[in-house]
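We just call them A, B, C and D in the order they show up, numbering each chain from 1.
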Amino acid sequence: MSKEGAKNWYIVDGYLPYKGRVDEEIFEGHEAIMILNCHDEDAEIFMDIYYEDREPDENIKIASPAKRVKCIRMDHPDEIGGIRLDRQLQYSLRFRSNIEVIIQYGRMDIAQSNLAYIGMMGYSE
Amino acid sequence: MSKEGAKNWYIVDGYLPYKGRVDEEIFEGHEAIMILNCHDEDAEIFMDIYYEDREPDENIKIASPAKRVKCIRMDHPDEIGGIRLDRQLQYSLRFRSNIEVIIQYGRMDIAQSNLAYIGMMGYSE
Amino acid sequence: MSKEGAKNWYIVDGYLPYKGRVDEEIFEGHEAIMILNCHDEDAEIFMDIYYEDREPDENIKIASPAKRVKCIRMDHPDEIGGIRLDRQLQYSLRFRSNIEVIIQYGRMDIAQSNLAYIGMMGYSE
Amino acid sequence: MSKEGAKNWYIVDGYLPYKGRVDEEIFEGHEAIMILNCHDEDAEIFMDIYYEDREPDENIKIASPAKRVKCIRMDHPDEIGGIRLDRQLQYSLRFRSNIEVIIQYGRMDIAQSNLAYIGMMGYSE
């Protein structure tokens, strides 16, 4: 019997890359969190953001609807509870969900004109 | 005793990249799913495709022969039950197999002239 | 108590990339398998190579010495039991070890002049 | 109940890339280890570095403060117990922590003018 994911997820290497000159370029450097909810009910998720030298921002509410994939752009404050993350600043993410989900991380970097990627599954419990 | 994989696999960040000008370039931007079946019997796998804003496509049948690696190109409708995925559209994948397999994901992106990769193991249960 | 790894490992997306013009370039497109053995005794590992359309090559013996990291270049037949893998051909790997180890995969691709990477932990049991 | 990570972590493919001409370039090729500690108490971590052909350097002490993400640059000897790693040399890492943490690895490579990334979760127990 498949549980369809886990309730606790961690992404350690969060780092908003250089954005690029958006007017002139097609691509914009960014990070995204993708959440897959295979259940018939919506997931209620709390996200915590950890930093190197100050207290974490905790209990940011994220909705992940039933039978959908949900994308969160880490450079869009309205998608992460109004938090405005600085670029080129280390942070980590923790997610606590009331039902099992699967969470993946992606970074698109265009700092040196050609894009580069990091993509990975989060660590789950 | 090795189980030789798992029966349930998830890939969250599916995203068909820019294809490229196929006539002029050697490489073509694409995504692929690789399935390893180490057993002496064929695996029967059902794949579900989840989207951001509509119901999933479910129960797409995939054959994964005994003692072989099977590759599925996500931009080839005939390999994924006739589904034609749009490029630059977020989706996620779920796989349910009758026997244990191992599933890996790869994306090759040539949107900015030089290729970039994402590669990772799926999340398994 | 840490087990220091696992006895069974799988890499699904093996694919020897374009080699490059070795005389003219510093870098050579390649794949490598890295095996970490933290134990006080040597590990004896058997590697199987799976293909898309023919029987696997099985029981290739790999030595992984105590308290060392061992690197295997997949384009060096003398390091993989004399097998000569074709470039641009899909294959998968299975490893069975008598003691616990940790196995990681890396690909360096220079097919489009700038290098690109895939790196990941194997799937373990 | 979430354990908030694991006590034992492994990174196999350590390899300090080409540094670049630091005076002329914005980016510097490097590797980093990111450690997330979600607990209310500091973690005390011991790091071991394994090599291909000599005895490991063991019991390098790393502090990971409570509710913070900690970054370690592998090319900064003062952050890894005074060890000076050679560039272009294979090594592996093992971490033993007194409390659960999550450890991720990142490499930024600029050897061929455009950057490339490897990013992944460590193997945990």
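One rule holds for everything that comes next: a contact is a pair of C-beta atoms (placed from the backbone, for glycine too) under 8 Å apart; a residue touches a chain by one contact, two chains touch by 3 or more.
Model, not experiment: these values are computed from the prediction.
Student: Can you grab the rotation angle between chain B and chain D? Superpose on CA, round to the nearest 5°.
Tutor: 180
Student: Tell me, please, which chain's centre (mean of its C-alpha atoms) is farthest from the centre of chain D?
Tutor: The most remote chain is B.
Student: Does the chain A and chain D pair touch with the same residues on each side or with different residues, judged by whether over half of the numbers are shared?
Tutor: Interface between chain A and chain D is built from largely different residues.
Student: For chain B and chain D, let me know how many angstrom lie between their CA-based centres, rounded off.
Tutor: 31
Student: Centroid from C-alpha atoms only, then distance chain B to chain C, rounded to Å. What do you get?
Tutor: Distance between chain centres, rounded to whole Å: 22 Å.
Student: Among the residues of chain D, which ones contact at least 2 other chains?
Tutor: 113-114, 116-121
Student: Where on chain D is chain A touching in the complex?
Tutor: 2-5, 26-27, 32, 34-36, 38, 67-71, 102-104, 106, 110, 113-121, 124
Student: State the interface residues of chain A toward chain D in the complex, per the touch definition above.
Tutor: Residues 7-8, 10-13, 48, 50-53, 55-56, 90-92, 94, 96, 107, 109, 111-114, 116-123, 125 of chain A touch chain D in their complex.
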